[in-house]
Structure formats: C-alpha cells, structure tokens
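Here the chain labels run A, B, C and D in written order, and each chain numbers its own residues starting at 1.
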Amino acid sequence: MNISLSITKNIHDWLFEVMSAPFATVVENVLIAVAFLAFFALAGLLLVWMERRIAAFFQLRLGPNRVGPMGLFQTIADALKLVSKELTGPDKADKFLYNLAPYFVIVASLMALSVLPFSQEFHAFDINIGVFFLIAVSSIGVIGILLGGWSSNNKYSLIGAMRSGLQTISYELSVGLSILTIVVLAGSLQISEIIAAQQAGGWFIIQGHIPAMIAFMIFMIAGTAETNRAPFDLIEAESELGAGFHTEYSGMKFAYFFLAEFINMFIIAAIGVILFFGGWLSPFGITESIPLLGIFWFMLKVLGLIFLMMWFRWTFPRLRVDQLLTLEWKYLLPINLFNIVLMAVIVWLGLTINF
Amino acid sequence: MSYFSDIYNGVKTLLTGMSVTGKYFINARKEIITQEFPNNRATLKMFDRFRGEVVMPHDENNEHRCTGCQKCELACPNGSIEIIWDRVIDEETGKKIKAIDKHIYHLSMCTMCGLCIEACPTDAIKWSQNFSNSSYDRTQLTKVLNKPGSKIAPGVKDKE
Amino acid sequence: MTTTTENNAFKSQEYFINMGPQHPATHGVLRLLLTIDGEIIKNIDPDLGYIHRSIEKMCERDSYQQIVHLTDRMDYLSAHINNEAVCLAVENALGLEVPERVKVIRTIIAELTRLASHQLWWGVMGMDVGALTTYFYGFRDREMINDIFEETCGARLTMNYNIPGGLMFDLHPNFVQRVKDFIAHFKTKLPEYDTLLTGNVIFQKRTQGVGILTKEDAISFGTTGPVARASGFSCDVRKHHPYSAYDRVQFNEALFTVGDTFTRYQVRIQEMWESMAIIEQLIDNIPDGEFKTPTNAVIKLPKGEFYQRVETARGELGVFIVSDGKKNPYRLKFRSPGFSNLSALKKMAVGSKLGDLVAIMATLDIVVPDIDR
Amino acid sequence: MTNSELQTLISSWNSELEFSEAESQFLNITVKPEYLHQLTSQLKSTKETSFDFLFCLTGMDWGADLGVVYHLESTIHKHQIVVKVNTSDRENPTFDSVCDIWYTAEFHEMEVFDFFGIKFNNHPNLKRLFMPKDWVGFPLRKDYVDEVNMVIK
C-alpha cells in the first residue's frame, strides 16, 4: 500500500481553493521562498557546525562544545555575532558591485536548491529540464565571486577572483559531462524521472557499473572544485591569499559567502545522490511504502557525501593553479569523454545491471 | 603506459592519506588531546620546576630569608627586581647590618630566566607554580615580595 | 597597477603586492614586496626589522650570564641550542672544561629541541600547502617534548637551562623515562607523517622541482642546515666541528642533491630519525657527576676574539664575541642561519608561482625573530 | 692547509697584508680597503685556498676605526681564515662590496650599513634593512646615543 505524501500538491490545491488564482500564486511563491530561506539558513548553520565538529575529530580536537548540546548552537551564536557586526568595506571599492556580489552567490544557490526533491512528490519545482537547470544555475555563483573579488579593490581578492573564474569554467565541463553520462543512462533530464528510472532498475551507480563509478568519481572531484573547497580552495587559499575573494567582506555579507559555500556543498552532494544513489529511495526498497522516510534517506545519503567532501578537505594539500588546470584538461576531460562513449555503448548493448 | 599508472598511483596515495585521517576520526574519542582549560583549572598541576613568578616564602613567624644583599637585583637582566633597604642594628652583635624594607618585583618586566634565584645565596626567593598571572591593571604586576611586618629569620647571614 | 605611457596593452602588467607583515605564510612579521605578473613572481624584496629588538646592542650591555637568556628570544624553536652556543663560546674563551654529564645532557636536550622544531615545521609545512590536519599531528608530538622540557627546565619554550659552566640545575629524575616513552611513541608516529603527507601525490607535485637551489648557489648564499644539505652542501657543524657530545655519537648527515622543496622536506624528515638515533645512543649512558663547573660570579673573558659555531634546527648559528677583558662583551655578533637562508629566497622563488613561494618559504623554515634579532 | 702555509701563500700575493694569530682561533689578515676586493676574490678563485663559504660578516666599531670582519671557510679544504678591513673615516666609511664574490654578502652588508653606516661600493641594493627608513644614526656604533630607547646599566 502506498501512502501518498504529496505535501506540495495538497498545499497547492488548498491554496487555489481558498483564494483566487493570481493571489494564490503569489502566496504560494512567498511560502516557497520563506521555506527555502529557512532551509538555507538552518542547513547552512548545521553544516558549518558539522564541518567544525568533523574537522576537530580528524585533528584530535574537540571542536565547538560549549554552546548548547554538543555545541549545536555555536553556529547560531556565531551568526548572531556576525549580524550584529559593523559592515566595513574598503573606501575605494566599487560600492555597487561590492554590495551586489554576495546576493549573486546566494541567489544562485537558492535557485539550485529549488529543484531538489527531498522525497517523493516533495519538491518545489519539478521542471522537465531539471538537471540542465541545475548545471545552468550553479554557474551563476561564480559571477558573484568574480564581482566580489574585483570590486574589493584588493589585489589578493583579485587574484582569488581570477582563480575562481578559471577554476569554475574548467570544472563546469567535468560536472556537466559526468552528469551527462548518467542522463544517457536515465534517458531523461527531469529529476523525478531519473529517480523513477532508478526505482525500477536499481541505483545508477550499480545499474551503470564501471562507467557510472568513473562518472561518480569525476563528479565528486569536479564537484569539490565547483564548491571551491580544499583541495581546490585556491580562491581562498588562506596561506597564499589571506582569505581570497572575501578578504574585504565583513559581518553578514561575509556570512552570505560563507553560508553559500556550505549550501553549494549540499547541492553538489544532493545532485550526486539524485544521480548515483537513487535520491530519496531507500536501499533495497525497505521503506518504499512510507514516502515520508524518503526525506530521511535523502538527507542521510547527502550527509554521507558531504562527509566524504569534508574528509577530502581535512586530508589533502591544496593544488597549485597550473596543476588544477592540468588535472581538468589532461585527466578528467579525456576520461570523461571516453566514459560517455562507454556508457552509450553499454546502454546500447543493454549491458546495464538491472534488478 | 605512464598516463594510467600516474592516475592509479595518484589515487592510491590519496586513499592512503585518507586512511590515516580516517583512522583518527574513528578513534577520535581515545585520541583527543585537547585540554579544556578553564574547566580543569582545579586539577591542573604544574611541574615542580615550573617558572610561574618569583615569590619569597615566609615561615609561620612571618620571617623570610632575605638579607638584602642585592645579588638578585644585580643578576636580573631586565631590572625587574628593586630592593629598598636600610641599615638596622643587629640585636645579637650590635653591629649595623643591611635589612630589606621592600623587595619589589616587576612581573611585567620579568622574562623568567631564573638568574635571580640562581644568584640568591640564602635561598630567600623561589619560583611559584602559579601560572595565570594576567591582570587588567598593570600596576598589579608590580609586587612587593616581603610581607608587611616581616623580619629576617634568625641565623640567616650574608656569605662573604 | 598604474600603467605608464610606455606600457602598452601587449606588455605584461606587473604589479606589486605586499606579502606581510601580516600574512599567514610569512610565519611572523616578515614583509616581502613581491612584483608579480599574473601569478608569476618577478621579483622579491624582503623588508625586515618588524621585530628587531637590537639583541646585539643589548648584549654589549649585559654580563655573560645575562646574554644567555636573550638568545632564547632569537630562534625560539631552537632556544636550547642558542643558549648552548653562547655558553660554549664563553667556556672556550675561559678555557673552562665542563663535566661530561653536562655535555651529554646538553646534546640530548639539543636533539630534543631539534625534533620539536622539526615537528612544528612539519605541521606548518602541511598547513602552508593546504593540509591543515598535519598541524595538529605535529603539535601533538611536540607537546610531549615540551612537557619533558617543562619538567626539567621549568619552561616550555624559552628554557634558559644552560649557564656558562654547565646547567642551571640537574636533570629531573623522570627525564630519562619520559624521553624513552617519547622515543617509543614517536617511532610509531613518524612513519605516519610519511603516509599522510610525503607520499601524497598532490604534495609531491606541489614540491618536486620547485624552488631549486644548486650546490654552488647554496654555498655562495651562505645557506646552512637542511636548506643547504638538500642541495648537497655538507655543512653539518655537528660533523665538521663537533662540540658537546657529538664526537662520540654515530649519526648520518642527511644529504641530498636535488635541492628542490621536496628534498628540503626529506632532509628534515631524515634528521628527525637521526636525532632519535642520537638520543637513543646517549640516553642510557648519561655519566654521573656534577652538573656545572663553578665560575666566578662575574665572568670576565680574556681580551680577544672568540667564535663558536653550533648547528641549530635551522642551520649554523655563529656567535662571534669580541672581548676587551671587561665583564661584558665589546661586540657580540650572532650569525643567524635564517638570515642567510632568507637571502637565497629570491634565487629560489623568482619565476615560480605564488603558490610555490608559500611552499618554498615553508621549507626555508623561517623564524622571523631569528632573522631580525 | 695549515695557517702557516696559508700565510706564506697569501703574503706572496700582496706585501701590504698584516697577519696575526694572537687572541683569536683563526688566522687574521688585515687588509687595506683598496686591496679588499682584490684579495677576497683571489681568496675565492685560487685553487689552493678556494674560500667559497663566507660564514660570517660582522660590522665592527673599534672605537676610533670602523671595520668589517669576514669569516671565510673553504668547503673543499676545510680551512678557515678571517679577513679584517678598517677605516678611520667615521663620517663616510666606504668599502668595496664583496657580494659579487659571495651572494650572501648582499644581505649582510645591508645589515652592516644599517647598524654602522658603512657604505659598500657596487652594492646592488644598499638600504636600511632592519631600522625604519627615516631612522637617524647608526645604533651599533659605540658613540650612538638614544636617551629614550636605550637603558644603560
């Protein structure tokens, strides 16, 4: 027996029952925006806490443990501190762009968030080009970083921004191509259909076996680079550039950049889960009948991938800027192109593993 | 082909690195070395030789062992010690001898080199293991080591 | 980034960047004026003196006992070795023979200091190339050495344990056992350093072939210590001019030939093994005896010039005392290893990238108070 | 080479050198400023001496004279020597730079200039290295007075 969740659909129907259509649309959009902003803030704070705790355990430390149980409220305290701080900025900065930059970063990650399905029929926006939309939207963020670095009138920021430009442009390719590999397997760009295909025939990482695993590895590497995290944190590179592009930002504007980094990490992990690990599907279909648990499985898998990214960060040294490009153009890209062909051949010959 | 062996070796070394940090992550409970300082203040004990600050021990009769010979003052490289002394008449012999009025110690100028304690011929000053010496007021770092009304212990003489 | 009229769009746009005095990679208040073209370094002009305290001038004022504690504040990571240098210079000038026990204890503590310094360097090296976790592993092991120092000398960093003529006080009874425990512990942890960082492909790519210094340049720039030995310049004072108990221990001088950042890294890792070997040879046979030879309360050196060389964790420290027979030196010059090593930075780093500069600086193992004095 | 062999060899190059072994553990050569560069480059380039390692360069204020002391070592023959050069000109003391012979001298000569005000000809970048650019006086000279910052015991 299937208990249909359909939360979003129910709310949608109810809104359109009690109000006129244009008004309901406005209310619905506002509700969605508020929900996502709340999620943005909460998930960001939780991820910051998680990062600090996990980093501490890797480094034989305790991490934040004073504010709240296990230091859970530490990041909230930090956020409050950041809100109350004065917003200082360099005198000769390009004020308009300088102030605009953090919002670009935030808007980009919020837009990407909107197409993620948290469980069956529990998403804001199930567009039929979902994956394409994700790739397109996630590249907007770099404009914010470039603007922020350029307009700060600081040479360290500028170097960071330029590095971010070349890094994102290069690794966008790898993210796109590895996603494309899975699209070949799924035969659709719509996220709900991708998950449906995995419900029918097993998670894509098993279904597509070798090429899917290669694609997953490339996706994780390129995804880490996309989110500008170590070992690809050249744009911040605290031992080289101080703080990179956000050197001159303070208070809440800095916090926007900071939170956006963590939300981007969440998004990359979520895409990885949707494409390779069956989204909100439970392993072996054990809780298929209770769609509400889909949220649990989805978050669990996402946190698993986020943990992997944190593990990368706290283990590896940083790459140099030319090695970053070598890795992309000499290793990831050719392998990726070959991988797509391999996947196409496997799909064509029907060599996928289906349960 | 070196291209593929490069990839293989690269991934292998990365995974070995991750295994080291991963091992520590799993054993984090045992391995954590952080000391939670203000919480363990009561149990935290310094080593006997720890150089906290210079003190002058007094016995139960409020007597110290300082003869006012000023050797510590001379030995100090930074001028952290100032001794204000006077001549008093010794009760036993009736001769005039030196006696300290104030043994002033500027903790703010002290570099904890220990030369004064080495120089002291009568062991009048020693290290205390007191480690939290910070203060909001600089004047509190200037200390008078001999207690008010204290006297020199009988029998303590300058070695000539 | 001003362009003059001569500069046209096709000329490279060089610009200045201030690296420091407040910068994470300069390890203190060192300021480098970099001329950069894109990411490529065109020129480096160090600007020193942000923590210059005129220790040489202060030495001309102080007595010989008092000078010792000033040297703690130079290269604070090899504080004991700096102390030893001044004490040896004074003892040699006086013709004072210190007891065997003192020589052995000085050597053991000097090697522990070297280990502690290299552990800190290893942690910071990892941090500079972006692997933050190494910092804490390095510090974990260093803490054990600091505890040993604290128990015996009373201080963790600026120990001031040496005095001219011997030691300030005898070893703590726990010392031998603690050192043995530490050696046993660190022998299991040092291979971990290798698996975590040395073998890592990213680290190797970051360091191999970066900042190469040839042997001729290494000698000409007066570099010493691990920096010079990575280039093949055999300059270990412990081997060539043995002092204290170094003439009776067996150890290998870590010598490499390539002279890049990676070999400088390897030299220090190997030196940690050698230091442990030296300590193991000495720890079980510390001779009994006095811990100091009595000296006059006021030490007066005979008229003349005295030079003492020791090997600190960073290289050769020279103490040049010119005495006119008074109780304080007429002139005292410290030839600090970091100062000469820093002068080779320009040779190593020009033409490489900004990220390389950070790696090169990390393997120079700069301690700014040592350079500024 | 032993000190006496070194002395015989080096004195054959230039008759105006003064040798001394008193009050020092090294062989000391005192050279007139005009012969300094010639002597030092010869010390490095000659095969028998090949002093290729300048391990210490010290500025000195001898009271009346200002001088520089060069500690040299040969990494091949392992012998050491000290070269001294003095001038009585306290207003404008000038020596030839040796930083074309040993690169390390570039920094050390900057240091000597900073503390003693000794100028070096042909030095590529002679500037105040440690002290602020606008500092008046040369702190390590014996006649330097600074009533604010100096504590005299």
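Definition applied: a contact is a pair of C-beta atoms (placed from the backbone, for glycine too) under 8 Å apart; a residue touches a chain by one contact, two chains touch by 3 or more.
Source: prediction; values computed, not measured.
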Which chain pair shares more contacting C-beta pairs: A-B, or A-C? A-C
Compare the CA centroid of chain B with every other chain's and tell me the farthest one. A
Centre-to-centre distance between chain B and chain A (centres being mean Cα positions), rounded to whole Å: 53
Distance between chain A and chain D based on Cα centroids, please, to the nearest Å. 63
Centroid distance [mean C-alpha coordinates] between chain D and chain B, Å: 42
So chain C residues touching two or more other chains come to 62, 133, 140, 196-197, 200, 202
Hunt down the residues of chain A that sit against at least two other chains at once, touch-wise. 58-61, 314-316
Touching two or more other chains, which residues of chain D qualify? 151, 153
Interchain pairs in contact, sorted by label: A-B, A-C, B-C, C-D
Can you tell me which positions in chain B touch chain A when the two form their complex? 7, 14, 17-18, 20-22, 24-25, 28, 31-34, 36
Under the stated contact criterion, what part of chain C meets chain A in this complex? 1, 15, 17, 23-25, 39, 126-133, 135-137, 140, 196-197, 200, 202-203, 205-206, 353-356, 358
Contact residues on chain A for chain C in the complex? 55, 58-61, 155-156, 159, 230-231, 233-234, 237-242, 314-323
Given the complex with chain B, which residues does chain C contribute to the contact? 62, 65-66, 68-70, 72-73, 133, 140, 143, 150-155, 158, 160, 163, 168-169, 172, 192, 195-197, 199-202, 204, 297
Which residues, counting only chain C, touch chain D once they are in their complex? 45, 47-49, 52, 54, 56-57, 61-62, 217, 219-224, 233-235, 240, 302-307, 309, 316, 318, 320, 322, 331, 333, 335, 339-340, 342-344, 347, 372
